[in-house]
């Protein structure tokens, strides 16, 4: 199956994508039952970006970024490029020239399980990048991988067309066909949290708001007055 | 002992706390004989915060933040919440809602040996957070731990009421009863360093200021003119 | 050989150094055939610095920064101090006082395979630091190392007088006698990239600009239209 | 979807399973085009085991092994239990009692992305275990996960019924429906390697056997006689 | 407090120590409510040892093993030497000569948060060692630490005289005054487990033996028959 | 310089090599002033091997083992193959077929800063391997590196012809021209240690044998009788 490029994919509904982007990673992750989150080593190059889009996936060999060039051709405006690597690797597979290229093709950002370079230039361009490392180490174009096949990135399976949501908290992925439903659940959660926030700001406790006192007592939590010595 | 909440603790003298906060982590660590420092993986969420306060401690199960809610009730204004975890875990046990809650209760910040989330919101709120990771991964409320018992956080034993000092250099902990003495030693050190700084700025060498030439020679240090070939 | 200080070293041509500094790490690394890069754990303390200079090297024992004091004396204006450690260690071997000292002696920055401390002060001073960690952990002055001997730092051999180039992408080292030639190759590359950038901005693909379609086909890359189900 | 147990799964053909078991991890991995391998942190508890079987999957919360108990009921003789965890966790979720239980139900072994304990007893029992750690840390039974849903383990997607092959080299997973074909390809490869082995034992070089001299020359490899000085 | 040697300590009851040794790490850890376990990076040098004894503690500087020599003098027959390090360090602080020395003084083994060397010789001697690394890197004798003060080792506070139990599963520490009570609880647990083991061997399920079906249902676990497609 | 093969190298004196092999890693490392040791992540595949030989070096791209095939041709009986990688990589670049090949050419073993595979077969063959990982992940033959150039392996510079000594403690490298002298110093050290061992076995303390009491006192070490409370 290695060496396959799928040109066209089903993309997610643009309204759902917009809603998920506004909600952000933490809320979306909760809305889909605490699933779909990449491992926390996947970090933004610069703070403050928040994007969502349909995933175009690429699978690269370690030290090789050929498939990113191949993927560039099949990107559509609004997509997020998601790059997996066949083994653990931090080489700088993505830099300012490739960013210029995929930005020109309409990509909103990139999530790559390899390194990025040109950190200063990418930050100045405000091009959103999530990666496992920053490394100037150059890559070759020698080994085939694939484009738009299911990949595992940072411990998470991503299929082409899934919605990728990324911000300062990391990266969460939503199944394409569930995107609208998850957006709806996220918005409900957001409303509920807004009400809770007001109560917490006044000094009310989560113990009371969430009704935790009884289950804590049933589990056997004991209070002692203290202070203890020692 | 798991499942115990100690409501009241001895807190450190507020004057000593204020002095330690002004001195900062590196100076306090030196002042107490190079002890009391957490491991360097404990990093600030955002740069520029410097806080000190009495430790209220919580011990959580991995993937579970229930005891942070329990701890919120026993916090007093000026405290720093210190959260340990029973095993290595990076889940996002603390976010913007909990920050809103403990801020309303008077906490100056949190040091947690787990992950935090809502990184953008917490940074905007300027709520001081030191953690081992940023992760949106949600946590459950299912397993008891304890509050205000001694805990080990980032390789360091912390007792309730100890003074926690945290800034961009990391986190140092001072024994409650020694806080005033350590503050005094820190201030002495600061004065001495101010004098040294002036001499170093003029180009004088540490070799001379600290009298290192003789011990280096006794240890056998040899100078050669060079340049060497090769 | 431990316990040796070489006072004088051959330094690189200042014109070449200036050219390499302007080019930056990623371009210099490519210009010398993708060699000479330190491992990506070597990170800048603050973003935005870019320096180049001749390496003065120091080799320290773990938890010991004595040789940095010794090295300070042999620094010349424009040098970059490069500190290796005998074993893996993150202790805070370098802080604001030492920065004040080596800055007064003319050093442009430091690259150290240990930790740095006084992160806030060093950032405010805008003194360029690349290190493997930030840690307030204090160090002793007890064990001899050497100054201006070849060292291995972050997986890379550095000889005294080699040109060290460091920016947000990491640290690259250029052989002293090849510095001018590498600078020339880097400038050529830069020109070529400028032309490529214009084409990429217009949406032309790397596949076409770099002539990748034929080699990809020869390797066996297959395109399918999709979308695939599943 | 969390909190779902699928009782019945399609299992792989037993002949194909037996063939894959005999071939071992390295050969199977090559036979399916260098795909399907778990990350190398997944290590055998003891050396010398080699197993293959249909995967029954379980997804656990960190510090919680409840779903292993649930999975035990749906195991059939010859299965391999594959345990994923919702976040990175090394707690000892599997020990001698659980091994006794799943062995009694017919399981051939376990691959778990958590820790195991009772290392001495499990080794003595010769029960095959691959895990990310050895840890006595006990786990709770408090949070639901799922059984027989697709999971990601050590960077690899595993679906229930896929064939898991594990030995001293790690763990490789083969798509259920391709199992017979991959076994066939592996056997071909094995024959070819046997012939190559004989030639290599006589001192013939891979350079000649694999016809590498020409492509190396085309890539630009240069030979110099040496010895070089320095 | 650095630079202090406490000559005499309270030691644990020898009967309790013997009982805890027989029970082993996993059982003791459970018996004391899942507390007291060192982090899993603390591994035995060779498999098959199981020891327990009163802790004599030493705190060393990184790259320095001077305090192990100092500790040797205060060891009594049956003790376990527990070595902490001021910062993360893997240098080979303990080898065959030191093992010969502390064995002659009666030590049953060593647990060190540094590296050990002479791996072949120590294994042949059957001297029990738990360490964070194997490294031949030599250490100096230059910096003071302390002996028989409380230390943190692998994430766990150890006080002099606490009972250290170590085997292939890692290292657990029991409070000296609770040793007999924990031993008693461990023996109870052992008996209970023996009964459970017999039932599990017959194929009975943990689901039934531990009464898990009802709580699982209450939490919302759903069974579907399957097989599912896809 | 990438893409260069040096056919002939100066090799070390065979008597010195034999002497260094007998002494082993820890003694040789001490004999050359505690230098020349690789980082401790470089571990033997199986316990009990001890080898020494002249280094033939190869530099590979990540995920690529082409240069090992190239190096096989220039090996001479008694050599040790030392493989560096351009960036951090654990792929299985070396297995049983390559071992068969280089064994037939006379190699005594291999030290590789990548992964090895066929762990069971290599262990059965008793072919000595030191690597950073065990991984079945296959590698390609696509990118040039070099053979018999200086390389950095596990934090250590290795030049072709240097003597590599490897055993259960790791890997140490000795400069070719100093090999005989280091062997002599190692033998002296060995004799001295034999005498010390006898005294330690009788219960004499290092404190007395090495004359440590006075320097410890001068540094300020204080003894207290204890036991302390708490």
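Order of writing sets the labels: A, B, C, D, E and F. Residues in every chain begin at 1.
Definition applied: a residue touches a chain if its C-beta (ideal position, glycine included) is under 8 Å from a C-beta of that chain, and two chains touch if they have at least 3 such contacts.
On a predicted model such as this, the values are computed, not experimentally measured, just so you know.
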Quiz item: Where the contacts of chain D and chain E overlap, which chains show up?
Solution: B, F
Quiz item: Which pair wins on C-beta contacts, B-E or A-F?
Solution: A-F
Quiz item: Using CA atom averages as chain centres, what separation in Å is found between chain A and chain C?
Solution: 30
Exercise. Quick one: report the Å distance separating chain C from chain E, using the average Cα coordinate of each chain.
Key: 42
Quiz item: Of all the residues in chain A, which ones touch at least 2 other chains?
Solution: 34, 86-88, 90, 135, 137, 230
Exercise. Go through the chains and record each pair that touches.
Key: A-B, A-C, A-D, A-F, B-C, B-D, B-E, C-E, C-F, D-E, D-F, E-F
Exercise. Give every residue of chain B touching chain D within the complex, in rising order.
Key: 61-64, 86-91, 135, 137, 140, 142-143, 230
Quiz item: Okay, in this complex, where on chain C does chain A touch?
Solution: 24-26, 29-30, 34, 37, 40, 43, 47-48, 50, 167-170, 172, 193, 196-197, 200-203, 205-207, 210, 212, 215-216, 219-228, 230
Quiz item: Along chain A, where are the residues that touch chain C in the complex?
Solution: 3-10, 66, 69-70, 72-73, 90, 92, 95, 97-98, 100-101, 104-105, 115, 117-120, 123, 133-138, 141, 144, 148, 159-161
Quiz item: What does chain B use to touch chain E in their complex?
Solution: 1-2, 33-35, 39, 86-88, 150, 152, 155-157
